[in-house]
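I've put the structures underneath this note.
Look for chain A in each of the two complexes below; its partner is chain B in the first and chain C in the second.
This part shows the complex of A and B:
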């Protein structure tokens, strides 16, 4: 569908003599991850028929650069998004490779975002297939007390009636692995969310350790969770993120800078199981549960 | 340096590198095995530490001493540890468990326990992994590894045994392989020693192989060449020696001939001097005494006949005859026995005719070839004269027989008469005339025998060597 739209947009651009401004891809950091992301976006653009050369620069080089009013600023990462939102509030912005919680607190006038994280509902829906196989119908989500955005998302989650959602709110000065014992004792699944206090560093290790200790499957949000010991992961690959970003750029170009209407865009995602963990937890992988890209 | 015998040198040359190689390889293997054993021990320690680390991470993280106690009991029971202790990341001892049943030399290990946090972000994973492991604490433990000691001892024994076997096999093989070479070279050396002692018949046994065999053959060919050269040299030396001996003999013979010639010359000179002196004496006697005797006889012829005149005439005549005999004997130069006897017969026959005595004369023809020196002739004439005088004076015989003939290497003259001869032994020995005859016969190198014949007569046998008259 997106490709069909892109083709039509391309035909429209060719027939329409009016052109949009330049595309500036700005990296939050000059490292391999952001450079690779920028190259992937350029490749996706080229693949989708957009031949205009986009300019790649890092945040330090791009600061205080004079731009045309119809230029598009594509910020990769939270730092660039935050900084450029404040520097060029009147320009059109596209934030990419960013978490929802990292979006600028005071966004510019015209912006859109392609997020790395998945809608919480997708993870919950995936966990429902797992809960069917276990004795417990309790879902556990641990979230730090300061993560307001995520806590609000949790409240928006839709669950069947027989499923119980237990939200464990962890203070900033509390180590989550030390207090999750009770919650895991009766849990059917543990959903990992993008919360750095809970799922990063040694806390993430011990959260996974405790889950495995209590035979509670973990639903992760990235492919890396599978290597770390999660049963299943719902994630958007970096290539799909680049494709989604390229699609937004192409849309901006075809619409001659007009907003599309939706600000938050999620890339196509995949669900992938760890067979070894499934075997250890004696869980049968649902049919069609293996990695396949989904809209 | 250490040995002079070829076999020993060969053995040393081959054995020492072999020994060195075996030693190096043995040491290398031994160290490798020991490293392997040590590696096993370390690996065991790391395995125990890994297990303890995995199990104790969360208790160390949470400070759960009860859980650590369970882990310690499990590790001690499972791995027969001597002790195990857990220390947190602040250095504080959390637990120390000791197993009193385990005694012996301890191998102690101390491993830090790190917490490697997973990176759950796909996007940031593209960059370098900058998550640093956090230290949770340390696990110390010790165990007695008797099996490692046993393995070490077994390794020593095996390596030593293998080295000894390899060395023994090496020595045997080196001996077997080098024996042929050493024997071949030893034969060459022995042959060379014999050659040094001029034994050119010696040959080296051609028992080598390859180049050594070629060398032995060349060596033998060289000896053959030397032998041939030596034989030729000896032949030349013999020929030169024979030539030299011939020359020396020739010179010696020439010296002898020269000496003989010189002696002959001296003898000739002496004979010439004697002859000249004899001729002078003979002339003086003939001219002096002979003339006086002839003059005395001529003067006596003019005197009247008387017995005294007759006696004096007889004496003077005998003196004259005797003088003639002496002169005759002195004048006999290059005379022979035949002519001497013929002259004696001529002188004696007239007197025998006057006395009417028959003379039977037999002289062998060989007497004409037997040379007689003047002195020898005088001795013979005196003996014959004394014999005939004795027959005429004392025998009363009317017949005398003389025979002369060679008998073997001697020449024998026999004078027989038919008179009366009764000699007495003391008379024969005391008689002056017979004693003179024996003396003259002895000077001739011969003998004189007198015997009585059957008819009563006397037989005188004079025997002298033919060589007595050179």
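This part shows the complex of A and C:
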């Protein structure tokens, strides 16, 4: 669908040349990951038929640069998004490769975002398939006390009546794996959320260790989780994030800078199971549970 | 976000050479926080529903609820296991009977470190190098399991997994006091320095043992456990522990009050363990495991003057060629030094098809010298090599096959191969039926191989030929067949595991008397050690667990078994010479069961345990003891303090309400010699987690 739209937009562009401004892709850090992300966006734009004239620069180079009023600033990562939305509050912004919780607290007037993290509801819905197979109807989510955005998202989650959601709020100075065990004993699934204190480095390792000890399947949000020991992961590949970002740039171009109406955009995603974990936990992978990209 | 040290060059080249781009994996890791790979073939342990053997899992919550304060007592919760306090500091843990004060047919691994002693192949439960508070869970394989757990996994294998230092309390300070002199002071601390996580523990443990019996205990322990993580795929686990102290020992000859002076056993036990865990990928793992165990025990004591030792009325009765009537003799029961070094490499993999396997090989060096049992032989040693493999194969959706083997070559015996096979039918996702067969060997211990003790006078005259091991003593062997049914309800927290079993033991090594050993000593007889026993055990056992919450549960376990068999009690009995072969029928109790119930209410926890063991025979120092039923109970109160701190109070009682019972020694007139009287203790712990 997106590609059809792109082709249609391209034809429209060719027939009706518009005068939208330049596209500035700004990297939060001058590292290989962001550079690769920028190039992926450029490649996706090209693939979607847009004769790209975007400029790539890092945050330090770009600061205080004079821009035309109709230019689009594409910020990759949290630092660029925060800084540039303050510096250029009147310009049009597209934030990408960013989590919802990292979006600028005081956003500019015109902005859209392509997010890395998955909608929590999507992970919850996936976990419901797993809960059907086990003795427990309890879902567990661990979240840092300071992660206000996620804690608000959790309150918005819609659940069937018979499903119980147990939220473990973890202080910054507490190691989450040390206190998760009580919640895990009766849990049917543990949902991993984008929270660095809980799900990165050694803390993540021991969270996964504890969940395995209690035979509780983990629902992850990136492909890395599959290798790390989660039962299933609901994730958007970084290539899909680049595609979605390119689609927003294209949309901005075809609409001559007019807002699309929706601010938050999620890339297409996949649901993938780890067969070995499923076997060890005696869980049957639901029909169509293997990776295939979904809108 | 991690800094990358080489982006510029790559960035410049990106446009020219697309292959310079990152792998998707690295790219993902940058944005999604690199997650340590924690799954591995060995961590993907078999579900109990697919296990090739009968397995009992006891976790830390159950241990806490049991109220047991000795690690050996925990095995009262295992179906078919018997536990006895042979004295105040000696614990016997056996599976399906045929036990004595130093049972030697069990493997005990602590985080991969084997702990049975080189000397007797017995487990000294006092010097394991861990405290009961360190234990995260215990997996007990009931029956032979050499292919999975290595040498000496003969009647069973116990796998103790301690708490990861990373998940343990930062501080744990505990004090326990009780009747019979029970006292423990414990300090445990966990922390981290860069990539090193560690736990330091120190304890002092005392008790007075049984009343009117010389079996007190006074031990000090220190242990350091750590894990250094080099990166997500490499870590080194290390453990060092030392136990030192003394324990009272019963009389060498209780029938003669003027034989030997009272004695204590001094013990020093040191263990060092190193393990490299290397995750090759999320489906392949390599482990290299090394440990060294050292023990030095000494309970040697001096005799009364020879004329008193020989119970003669006067020194003048001692023949002159023997020497002075006032000479003394040194003797002991546990006096030896031993070393064990063991190195093993293990590779495990799980394939996409679901087939998973473990292969490995290793070597072990044991050495021992003993003043008490073979003073003239100096140092005895044995080197053994082993190779093992286990494979689990899914056979369609409904069946799982398991096969394994353990091949052991050692310097003093012929090579042995111990196989294990099982087929599991997955009746449902939550229930399975298993049929399994296994065979295992137990290589004689260094002491069994070398036992040779004779007592000489100062003039070199043989006073007493005491012990002699048979030449050509062979490995014990067991064949076991079982059918097990394991399952849980889908929507109700009830699980069970039951099985019917048959075990055939042959060539079992035991002591027997030789009434006419051809030795020119004062009494003419000799205690020999040889392959003199064969037995068969069969029965039905299992456990049922209702567990709605971690600390609220009811668990019932039982065994209904029977033993038949024979053993040679004595040879060359007069007259005419004959061999006294006795039948075995009560070496295992006909019936045993236990119930453990726990209920947590807010900050309180109430626990009760009931244990019954039928009449059974213990050998050597032990007796045939009456059946007993005992009741244990404990109450735990937690008082949360601020900032992750809490105080935990515990009041516990064992054998509450019963006046006394005997579980190991009981004389023919049913006068208990070791009376297990009610025991009570109170403990308080401070925890910071």
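Quick note on the criterion: the second predicted complex is superposed on the first by the 293 of 295 C-alpha atoms of A that agree within 3 Å, B and C clash if a C-alpha of one lies under 4 Å from a C-alpha of the other, contacts with A are read in each partner's own complex, and residues count from 1 in each chain.
Just so it is clear, a residue touches a chain if its C-beta (ideal position, glycine included) is under 8 Å from a C-beta of that chain, and two chains touch if they have at least 3 such contacts.
Small disclaimer: the values here were computed from a predicted structure and weren't measured.
Partners chain B and chain C, brought together by superposition on chain A, clash. By the touch criterion stated above, A:33 is placed in contact with chain B and with chain C alike. Between chain B and chain C, C touches the greater number of residues of chain A. Once the two complexes are laid over each other on the shared chain, residue contacts for A:275 go to chain C alone; chain B is not touched. In the superposed model, A:186 lies in contact with chain C only, and not with chain B.
When the shared chain is aligned, chain B and chain C each come close enough to touch A:222.
Using the contact criterion defined above for the overlaid structures, shared-chain residue A:204 touches chain B and also reaches chain C. Judged by the touch definition given at the top, the superposed model places A:212 against chain C, while chain B stays out of reach. Overlap of the chain B and chain C interfaces on chain A: residues 31-33, 36-37, 97, 116, 177-178, 199-202, 204-206, 208-209, 221-225, 227-229, 237-238.
Of all the residues in chain B, the ones that touch chain A in their complex are 57-58, 61-62, 115-128, 131, 134.
Only residues 28-33, 35-37, 39, 77, 97, 116, 133-135, 174-175, 177-179, 181-182, 185-186, 196, 199-202, 204-206, 208-210, 212, 221-225, 227-229, 237-239, 274-277, 279-282, 284 of chain A touch chain C when the two sit together in their complex. Here chain A touches chain B in the complex through residues 31-33, 36-37, 97, 116, 177-178, 192, 199-206, 208-209, 220-225, 227-229, 235, 237-238, 241, going by the rule given at the top.
For chain C in complex with chain A, the residues that touch the partner chain are 1-4, 6-7, 10-11, 14, 21-22, 24-25, 27-39, 43-45, 47, 49, 164, 166-167, 229, 232, 282-283, 350, 352, 354, 394, 429-430, 488-493, 548-550, 644, 689.
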